Each structure stands twice: as structure tokens, then as C-alpha cells.
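The structures come next, written out as C-alpha cells.
Both complexes shown next keep subunit A, but they swap its partner, so subunit B is in the first and subunit C is in the second.
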Partner chain A sequence: MWAYFLRRLGYTLVTLWGLTLITFVLTRVVPGDPARTAAGPQARQEQVEEVRKLYGLDKPLWVQYGVYMRNLLRGDFGKSLWSKQPVVTDIKAYFLPTLELGVFAGVLFFTLGVPLGVLSAVYRNSLLDHGSRLLSLAGVSLPVFILGLLLQLVFYKLLGWFPAGGRFDPFVSPPQHLTGLYILDSLLTGNWKALACSLHHIFLPAVTLAYGSLAVVSRMTRASLLEVFGQDYIKTARAKGLSERAVLLKHALRNAMVPILTITGLQVGSLLGGVLLVEVIFSWPGLGTYAYTAVTVLDVNAIMAITLITGIIYTGVNFLVDFLYTVVDPRIRYQ
Partner chain B sequence: MKKLMVGVFLSLLIGLLVVGQGVPRERTLVIATGLQPSTLDIGVGYEAAAINVNLAVYERLVRYKPGTVEVEPELAKSWTASPDGLVWTFTLHPGIVFHDGTPCDAAAVVFSFQRAVAINLGPAWMLEPIEKVEAVDDLTVRFTLNRPYPEFLQVLANIFGTGIVSPSAVEAHATADDPWAQEWLASHMVGTGPYKFVEWVKGQHIILRRFEGYWRGWSEKKNNIEQVIIRYITEPSVQRLLLERGDVDIAMDISVDDWALLKNASGVVLVEEPSMHATYLRFNCAAGPTADVRVRKAVRAALDYQGMIDYVLQGHAVQMQGAAAIGLPCHNDELPLPKQDLDLARRLLAEAGYPNGGFTLEYVYESGHEDRRRVGEVLQASLAELGIDLKITELPWPDLWERVSASDPERTPAIVANGWWPDYADVINFLYPMYHSSQWPPVAFNIGFYKDEEVDKLLDQAQVETDPTVRCDLLKDVQALIYDDCPDIDLYHLTTRVALRDWVKGYVYSPIYTEGFFLYDMWLEK
Partner chain C sequence: MIEGLFGIWRFVRPSRNPLGFLGVVLVAGVAICAVMAPMLAPYSPYKVELAARLHPPSWEHPFGTDELGRDILSRVLVGTRISLQAAVVIIGLSVILGTLLGTMGALTGGWVDDVLMRLTDSFLAFPYLIFAMLVSAVLGPSLPNAMLAISVTWWPWYARLARGQVLSIKGQLYVEAARAVGVGGMRLFFYYLLRNALSPLIVQATLDVGYAILLTSSLSFIGLGAQPPTPEWGRMVADGRQYLLSYWWVPIFPGLAIFVTVLGFNLIGDAIRDFADPRTRR
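This part shows the complex of A and B:
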């Protein structure tokens, strides 16, 4: 099995390398002159040429790519044409808030979605099941930006329970910097005030982001469980006299888990897409806002870095899901 | 367990102490804006987003008097220029200190200009005529120019590249690869202004704190603003919500629809002023049907200007008069305002050999500019009446620039919607880059390949004319000639809209530092 995963890792690396090649070529062949945009709309031609030289954009494409890859292997993504700073510095500042929001939303939809699906399956066609169906229907049909604005209107403007945006209250001192993830740092340093402030701020954007995925996961859990409930081994388990609880948790849920994991892995992809919108609506200082600027000003190095990071996360999550299959269902063997 | 409890208690206590040190909300001014600067470096940044922090943290030798386009002293208390306009000598106020405590003397001024020129990015083009800058003594700075530069004072008052930065801060963070400490100054600021830089949490906020050692002193001021928080709120409707609940004191990006709703809100003051930002439709003067001045004038006569301002812009704009911004010194106030006149348009087209139109023009605008899209549609409808087909193309800015910066006019679209900000209050900042024939693409911004020998000659003279009256006459003549040649349609100045809570006092709109605040003169009455 380890051989399989090693091979998978190899494929992943090839995929990522392909990704660098495609993004590199795409960002260079689209119309527009990155040096001009970097130098600014009012810059004189000599200044534009200076910028072109500074960023190595005057060299042939294959030389640029070679230099890029060499630097990349050293962890250097080049300099941003927009902020004139190393892309790594920018990404450091913008990636952690996105990671925090994404993970929080992920935990939210998984830990709420699966139990909700289980309850719907167990109490099939009850009021709870219908309620959860309605909730899910709303979840998959409400676009993220409308949900976000609605939540702001209700919970900020009308009720005043949650802030309208931002990651942290500027009047409160942020937690001591350990990882850069505010929630984790507050927990590690026992800074409860900062923890409360972080949670207060992350709640609305995370709910907005998680809602659609929560709907999908809860529906999937329900369907998958119902299918398992009809299997002979469940009857056997019940015939053995096992409690319903043991039947559900030890036999049914575990067998129903494979499709749930698959759909969860896929939902991480939609989370990565949705996070960009949610960040704009909630002024969340993450990669979404950075990516938006990078694309509008044709900041080639930043675009490359963002694409690559997104690619790494996505392939990484799928890799993890493949691995988890073997954990929840030991019959699955990779050759 | 006991240890754990003590630890938790201590950390709670420390947490509370740290929080308690902060400035309370009543003495904090919170500004919401969607525009975050790409860099804080005064020698590099060249974007509207940097104006608010630049104006609060850095100071220049001279500045624009609040609310006007008049230059007044700032760090320099007086200055003289030699009769040939080549040598300028400035005397500094004594006793000015930077936020890091070091003195701001002539050497610091020299250093700042040398830095901006050496970096040669963004705003550096304005400093090109400077041949040498030197410290005569502690408080005297002398600039030697390589040509007369009549707008030099205006350039010094502009917000980009001319702020004075602490040399010791730069030297402390310089490295062999980065002698001007660009990496550090991209996210830090050390100037002499009334507010000092505290932190920039990217994507979230910039915090400024009152500088107690400010050289003008605080004792006689009403100012009670100890802290300024500039929050980056990307979504305009959220800015409105925050303003309504009083969580921000000033909102910079209120949408047109929200603006109308806020008019009736209590506790909110709305300030709307015509900006100097100009929007044009620039003709391709070198190729295609628009190479004929009669066709250009016919298009100019076809557009419904009043309808455009009233309906497309919902009244949030004023029509331009000529190619330079209304309100600038030497603006030609006698030029006519174009009006829709379809008969004139038909006559001109017939003279040009197109009695029934019968040709297609391409109109290109930059994506994101909703107003320019709708202007295109208004123009399309008007031109259809003349038998001219207008093809509207939307392009992102880099692509648009690619199309218009080609040196071959055959590739340039017939009409390009284009905007222009003045860096400083002088009409030559409009006229030279956009209408002098030396500025054809790819050099600069004469993107319609306009060339008129008389215009070139007068502009060349105005560039070095040191007598202000003579220079003004030259520039007014240039505006009249340009109006007559119609290389573009001068459309409108959009208004700048700033929404404030009524407890914010002392705000004055500034036509050149549009996005900026003279924080020193402001206070809060809560």
C-alpha cells in the first residue's frame, strides 16, 4: 500500500508541475503587459522598461520559466509586481486568514452535516427529516453572496449580535503570534478575550461559507445511511441483539462513510471557490482579496503562487481522502 | 491543576491589561475604504489608495491649502526662485522631528529626494528636471534644475514621492541588496506628520496614532483624535451598514443607490464635490474615419450630454469644459460646453463624405467602469440615428493598455474611454502628456495620435515659461486649439462622495488630495 501512496505522491508532483507550466504559459500569453501595469498607468516608457528588466520579463519565455522553477524549488515565488514585495511575504499575510476561515467552515459543515444526516436517516420522514430537507434545499439554492448579505442584515444591522466584517476588532489586542491563526493562538496562550473576539468575527463568514456544503453532506449522509440500513449485515447485527446505538455507530455509519468522505473531499474544492466571495463580502483579509487584485493588475507571480497553493491544497485533500478510505473501510486495499 | 488555574488567571489579567492600554472608541476616528495601498513606500507608491496615509504621516516642503489648489508652506517656511527659474532655495522650519525622534533638517530633505530619484519608480517622472539637490546649511535646501520647471512648486506639493522620510530609519533597514530599505518601507512609515504609523494588518486595517512631538504642537487645537483606524471594507453596502450603526465614522465608497437612501438618515453628513478626475472619449486621430476632424466633431455633436449626466450618472458628475479640469489655475473658462445637435452632426458627416453614415466605429472601455459602459450605450443610440454603427468592446485594463499602447494607429480603436487624474494643480499635467505629439504611444498618453504643430509649439513654450501670466495665456490658447481640433470628447468630472457621522468635525474636501484628510484640523464631538 505504501508503494501505492508513493506512486500517488509522484503523480501529484507531476500534476503540480503541469499546473505551474500551464499557469506560467497562460499568464504570459494573455494580452496585456505586466511591466506596464506594475509601473503604473502614468509611468513613462523608460520606467516601464526598468520594471521589465527588474522582474526579468525581458528574457525569452523559456528562460523566464527556468528561472522561475529554479527559484520555486528554493521556495521563492518571486516578487509581486503589485506590492513590489516577495510574493511569499504577501502570501504569509493573506493565506493564514483564509486557512483559518476554510478550516473553521470545514469543521463546521462536517461536524454539523454528518450528525444532521444521521438524525434524518434514523428518524426518516419525521418532522426533523423534513426540516433538515428544507434546510438543505435552501443551502444548495442560496448563492453565497446573497446568504452573506442576508446574514449581515439580520445579525449585524437588525440584531447587532455579530460584526459585519473583518477578522478581528481593531480595539482588542490580537493574541500573541504563534501560528498566525487567531483562534489557535488564543487557545494556546489562554487569551479568552481574543478567542471570543475571533469566534465572534469568524462566525458569520464561516456559516455563509459552510452552509452549502453542510446541505450537501447532510443529504449524502442520509442517503448513504439509508442504503446501508437495508443491508443484510445490519439485520444480522440487530438479530444478534446489539443496541440500536451500536448498530448505527459501529456497523452502519462506518460502512456509509466512504461516499460521505468522497463528497467531503469534493466540497473542499467548492469551499476554496466560495471563500473568495465570502472574503469580499465580509472584508476577510485573505487570499481571495489578494487574488482579486492580482488578477486585475496581471500580477503574474502572485497569480502563479495562488494557483499553485490552491492546487496543492486540493490535491492534498484528495490524497488525504484516499488515505482515509483505508482507515474507515479496511477492505479497501491499494495495489 | 492549581498551576493551571493561576496560569489562566494571569493570562486573563495580562490580556485585560493589554486591551486596557488601547485608545477608547470616543477618541478614535475610524475610516472605511475599499482601497488598500499596494505599498506604503513614499518613493514608490503612486495610487489614490495611498493618499490618506501619506497625508497624515508624511509632510512635504509645501502643500495644498486645505480645500484649495493654492500652494502654502509646510515643512519649508519660505522659498525663493532664481529669475531664470533654475535654482530654488527653501528654508525649513526649525525644530522639526521625525516620528523616530531624529531631526528633520536639510540633509533629510536632500536624502528623501535622492531616494525617490534613485528608485525611479511611480512618481519619479515628476522629479526628472531635478539636476541636483543639496543642503546649503542645516535649514536650507537648494534644488538646481536642468530646465525651467514652472510647475515645480505644484510638483513639490503633490502627494506622491515628495514626502520627507527619516534617513536614519532608512539607513537602519538598508541592506546591500536594498540600499534604500524599500522592503521595510513598503510596510512602515516614518515621517514628520501629525500622526505616526503604528501597524498595517494587510487586508484589515492601518492604525495611526497621534504624534505627541509634532512640530506644530497640539495645545491650541480642538483635535481630540488620538488614534486613526483605516479599515479596508471591500463591499460598499457593508460600509453603509457600518456607518449607520456608528461603527465607522467616515465611509469612502458609498454606492449611488445607498447615497440616495442615506440622504434621509439622521446623524449622517454627506459631502459631495466635483472631483478633478476627468473622463474622456479619445478619438483615433491618425487612422480610420475618425482621422477626419469633421467626423470627430460630428460624433461630438451627436452625444446627449444632459441625458448622460442626469440618467447615466444620476447627477453625480459635472460636464467638462475643454480638456483640462475645471477649477485648475489657467483653465480656459471661455470654451463652449458641447451640446447635442444632430443637424450639425449630419451636416459635418455629409461634408466629410458620409451623408448617410454607413461605417462602423469601435468603442473600447475598461472593465469595472460601469459609467463608461453606459456612456457607450448612449453614444451607440445617438450614432445609430446618423447611420453609424458603434461596436462596444469591454477590456480589462492590461488588455486595454495593450491595445492603445501600440505604436501603429491602425491597431488603435476609433474611440477609447479614458480617465485622467491630475497629480498636481496645473493644467499642463493634462495637456502635455495627452496632446503633445512627443507623447505618442508607446511613450505616453497621447493614445489618439493627436498632432498639431501649433499645440506642440505652445506647449513647448509653456514648459519653460517662467512668467505665470504669459504661461497661463499660452496654456489657455492650447486648450482652445485642442477644443477646435476635437481629438477627444471631454465628458465629465465624477463627483467625490464622502459620508461622515455628524460627530466628525473639521473635514474639508481637498480637490488634489481627494481621498485624504487634514487630520490635524479635525476633531470628534461625541
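This part shows the complex of A and C:
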């Protein structure tokens, strides 16, 4: 168990170091003039020189790398060009709305995707199975930003059921600040009006974000379950007279869980990328919107920090998934 | 290769796999549009006609006109060629780079292989859209740079695939036999190893065309890919987004073009996977 854990931890640390090395090479070695790249396309020559001094870009590469790593370990990602603030300060301000949206979408695709996959596997080749297959093929083929626009058109413009964007109604007072996550805060304080308002606003962006992953997870659940259904121990379980429900939940689903967890971990990557597009479309005041602004002014420092941070989150989630394997499948602990 | 192409027909016959057949029809349609775009397009995709701004779909302009009075149908048709070309270049670059490095790792072994594999781990540890965003921001916003950026994020998948293939082929008896009779160097590499390792790579590359189109249009959507006035689909959606609520056809038609194209490739991919995996074959 500990050997497995330590080995995974070792791989994860090497991967993380690789992440920082790749971004270093990309931002300091690849551009012809890294100072020009960091200062942005509109900067005057003397501003470029200032940036060159400030970041030590006139020093040899290995000195630069040392400074870069030292700053990263201190949590210093440099300054944003357009907000003139340390990138970390900016990211802190924009992080919570993205966390709320991402977690909500994650819960949505997992709690809907797995049961949908189970139903398609149990009622294989039924109308429901074909329907979910079509739904999921559409899900992986429809770009996030088109889905967002279509949902806006239908549910805001035509039906008027949901707001077009934003995180909260400006005319409703937001819940008392405890965690900064509106849904959690309004639940904790019992502020039902604020809860309804936040759910009303988060619904369309979360559905947009979750749809593609829901498609992938439900297909993976179906495929994995069908494979397990063919195993001898399922026959045994049925033969000894267990109810279909017990066979499915205790014997089949648990054994089918490892690939489902793997794909869920990988979907966090698409979620982190998708959140960028979804936030832009629904004017959600989070990291995606921040990144979009950074892209429009080519603020490489800010983009680099966001890339690194999302990379770290993604790697962390997959490390967690590795750990969950041992919970659902104890055999892995002893390998 | 040619037999392989005809072989596809066996498992996308309409009676056997109607969805796979639909995929072939969609992709064939898109390919025809790409080749014939200049002939099919009723207007020039760049012709500005301010008097005809934001006209709804009509017989004259089946997809309507955009904010500069350009014919959206013509722009979507010409955009087909841009998207397909971009996807082919992206996949080509990633396959070449991935195969080269993956094969190198498998053949050299030792620390070279270890370093290469850890490197692919790190590349794959970035969420790909965000990583592609950083690379294209560093290179500067343009379509060729976006294509390069996506290839940079994508090659590790092919490197791993190629490595696995070469590792399993390396030990085969016919490679050993070839070596024993004195085949060596380039001939051994290209004729015996690479040729046999390539077919799963090609299948994977075909499956990935849809995703390449998706990623390119996503980068263009945030402004890092094609620049105006290029009629690239993602860019058209981005530019038309502000007109969505009053003039829906401006962003929606290019968006549907992306959807239909990617759906076509995914339907074919699904059919191939069903066929290749004996557990799901009926």
C-alpha cells in the first residue's frame, strides 16, 4: 500500500517538475526575444528593456532557470501585464467562481453519467441504449461554445427560463460570505432566496460544461459494465441466487469502476479547458474570463500561470484517482 | 492501405451499422465541399456589401448574411477547406513527431526511453486546450501557429502508441530473421519495423481528425487561431456571438458546420472501434 502510494507520489512530482520545465522552455527559450513576448506586443522598446532587467532575461539561461524555480516554489508567478498586479493575487480573486462552476459541473456529469451508462448496459440495445448513444455522440461532437450559444438562444431568448449569463442577480443580495461559494454559503446560512438565485444562474453554464464529459463517462460506464457482465464471477453470483440488484451494485459496478474513475480523472482536463470557453459565453466572473482577457492582450505571464496552475490541479486530481483505485479495487494495493 | 480503405466499407454498410454509414455520408459531403468550395460558393466569402447587412436566411442567401453583408453560406463552404486542411496538417505533424520520438525511445531503451516517457507524462498533464492556448500565445496569434501549438500538445499520444507498437514488433521472429540474414540500418527500420507499426497509428489518426477540428475552432474562438477576415468556423462563431440574440444565423450556421463535420468523423470512429473490438462486435 505505502509502496504503491510512494511510487505514484514520485511519478506525480516528476510530472510536476516536467510541467514547470516545459513552461520555462516555452516562455524563455522558444521566443526569439522573451522580453518582448513578456512585455506584450504594444510595449515600447524601453518598456521591453525594463522587463528584461526586471525578470533577469539578460542573464544566462541557467541563472534564469534558478530564479524562475525559486519564484515558483514561493508561489510567485510574476506580474500580470494588464492588471499590473501579481498574477497570484488576480487568480485568487477569480478562482472561487470557477471552482464553484467546475465542481457543480463535475458532480452533474458524474452523478448523471454513471447511472445513464448503467441503464444502457442493463437494457442493452433497447431504445434507451440507442438514445443515450446518440446523445453521447452529439455530446463529444458539439463544441462547448456552440452548445452554450444554442442553450442561450433556446432557454434565454425563446423560453426565458434562465438568465443569459452572470453569476448572481444584481438586485438580490448575495449570501453572507463564509466560503465565497454562493451555493454552499446560502445552504449554510439557510438563505433559500440566494440559493435559488445561484442555482438559476449556474444551471446553463454547468450543463454546457458537463454535457461532453457526461457523454464520455456514460459510454465508458456502459462498455466497462458490459465487459464485467461477461465474467464468470457474475455468473456465480447469479447462480447462487443473488438478486439482480445485488449482482449489479455489489459485484458488477464495483469491478467496473476502475476504468470509469480513470476516464473521470481525464475528463477533469476537458472541464478545465472547457470552463474557459463556457465562462466567456456566460460572462461567468472566473478564471476563464480572466484567461480570455489575458489572451486578448497576449499577457504571457498570466497565461503561463494559469497553464501551470490548471496543470497542477489536473495532476493532483489524477493522483487522487490513482489513490481511489486502491479503495475500489484492493488488488491494486498489492501490486 | 487501399484494401484497408475498401475494408472500411464492410463495417459501415447501411444495413449493418446505419450510424457508421451516416458518418461516411457526412464526411464525404464535407470533403466534397472542401474540394469544390470555390465552385459551390454562390458569392465571394470576402465580398463586403454593407447594404445587405444581417439579412436573415432567404433564397438569395440560404444562411443569411453577416454584420458586413457577406454571404454566410459561401464563408461556411470555404471554411470547410480551411478546417480540413488544418486538421490534416495538425495530425500529420503530431504523427510524424510522435512516431519519431516514440520509435527512438523504444529502439534505444535505457535512460533515453525513460526521459522521453516522463516527458510525455508531463506534456499530457496539461489540460490540452489551455496548453495549446499558452503555446499559441507565445508564438503569436495566427492559424499556422495555432496548428503548430495543437501538434505540440498532441504528439505525446502518438509517441506512446508508436513506442508500444515498436516494442511489441521488435521482439517478433520475422525481425530477428531479417536481422539474421543481414538486413540492417534504414531498411530494417523502415521496411520491417515502421511499416508494421504504422497501421494502428493511422487508425488513431483518423479517429482524431474530429478532435483536431474541434480544438482548432476552439482556439480560433478565443482569438488565437485564424484572424479576420479568414472564414474559419471558430472565428466566425466568435465574431458572430454578439449578434446571437437578434440575428441568430450569424454564429449558429458556422457552429453547425463544425458540429456536422466532427459528428461525421466521430460516427466513423465509433464504427471502426466497434469493429476492431471483438467484445462489442455482434
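Simple rule for what comes next: the second predicted complex is superposed on the first by the 259 of 335 C-alpha atoms of A that agree within 3 Å, B and C clash if a C-alpha of one lies under 4 Å from a C-alpha of the other, contacts with A are read in each partner's own complex, and residues count from 1 in each chain.
Basically, a residue touches a chain if its C-beta (ideal position, glycine included) is under 8 Å from a C-beta of that chain, and two chains touch if they have at least 3 such contacts.
Small disclaimer: the values here were computed from a predicted structure and weren't measured.
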Exercise. Where does A:Gly269 make contact in the superposed view: on subunit B (first), on subunit C (second), on both, or on neither?
Worked result: second
Exercise. Which partner does A:Leu150 contact after superposing on A: first (subunit B), second (subunit C), both, neither?
Worked result: second
Exercise. Just subunit B (first), just subunit C (second), both, or neither: which does A:Thr326 touch?
Worked result: neither
Exercise. In the superposed arrangement, does A:Gln231 touch subunit B (first), subunit C (second), both or neither?
Worked result: neither
For this session: For A:Pro31, decide between first (touching subunit B), second (touching subunit C), both and neither.
Result: both
For this session: Quick one: classify A:Lys193 as touching subunit B (first), subunit C (second), both or neither.
Result: first
Exercise. Touching A:Ser141, do we find subunit B (first), subunit C (second), both, or neither?
Worked result: second
For this session: With the two complexes superposed on chain A, say which partner A:Val280 touches: subunit B (first), subunit C (second), both, or neither.
Result: both
Exercise. Given the touch rule stated above, what does A:Thr296 touch, subunit B (first), subunit C (second), both, or neither?
Worked result: both
Exercise. Shared contact residues on subunit A for subunit B and subunit C?
Worked result: 30-31, 37, 149, 152-153, 156-157, 164, 280-281, 296, 298
Seminar exercise, completed: Counting only contacts in the complex, subunit A reaches subunit B at residues 30-34, 36-37, 39-45, 47, 50-51, 82-85, 90, 93-94, 97, 149, 152-153, 156-157, 160, 163-168, 170-173, 189-194, 279-286, 289-290, 293, 296-298
Problem set entry | Interface residues, subunit C side, partner subunit A - complex | 19, 118-119, 121-123, 125-131, 133-135, 137-141, 210, 214, 217-218, 221-224, 234, 237, 241, 244-245, 248, 251-252, 255-256, 258-259, 262-263, 266-267, 270, 279-280
Seminar exercise, completed: Listed in rising order, subunit A residues that touch subunit C in their complex are 11, 14-19, 21-23, 26-27, 30-31, 37, 133-134, 137-138, 140-146, 149-150, 152-153, 156-157, 164, 223, 226-227, 230, 268-270, 272-274, 276-277, 280-281, 291-292, 295-296, 298, 300, 303-304, 306-307, 310-311, 314-315, 318
Exercise. In the complex of these two chains, what residues of subunit B are touching subunit A?
Worked result: 7-8, 11-12, 15-16, 18-19, 21-22, 25, 28, 30, 38-39, 41, 44, 46-47, 120-122, 124-125, 182-183, 186-187, 201-205, 207, 229, 231-235, 237-238, 241-242, 244-245, 247, 368, 396-399, 401-403, 405, 423, 433, 442-445
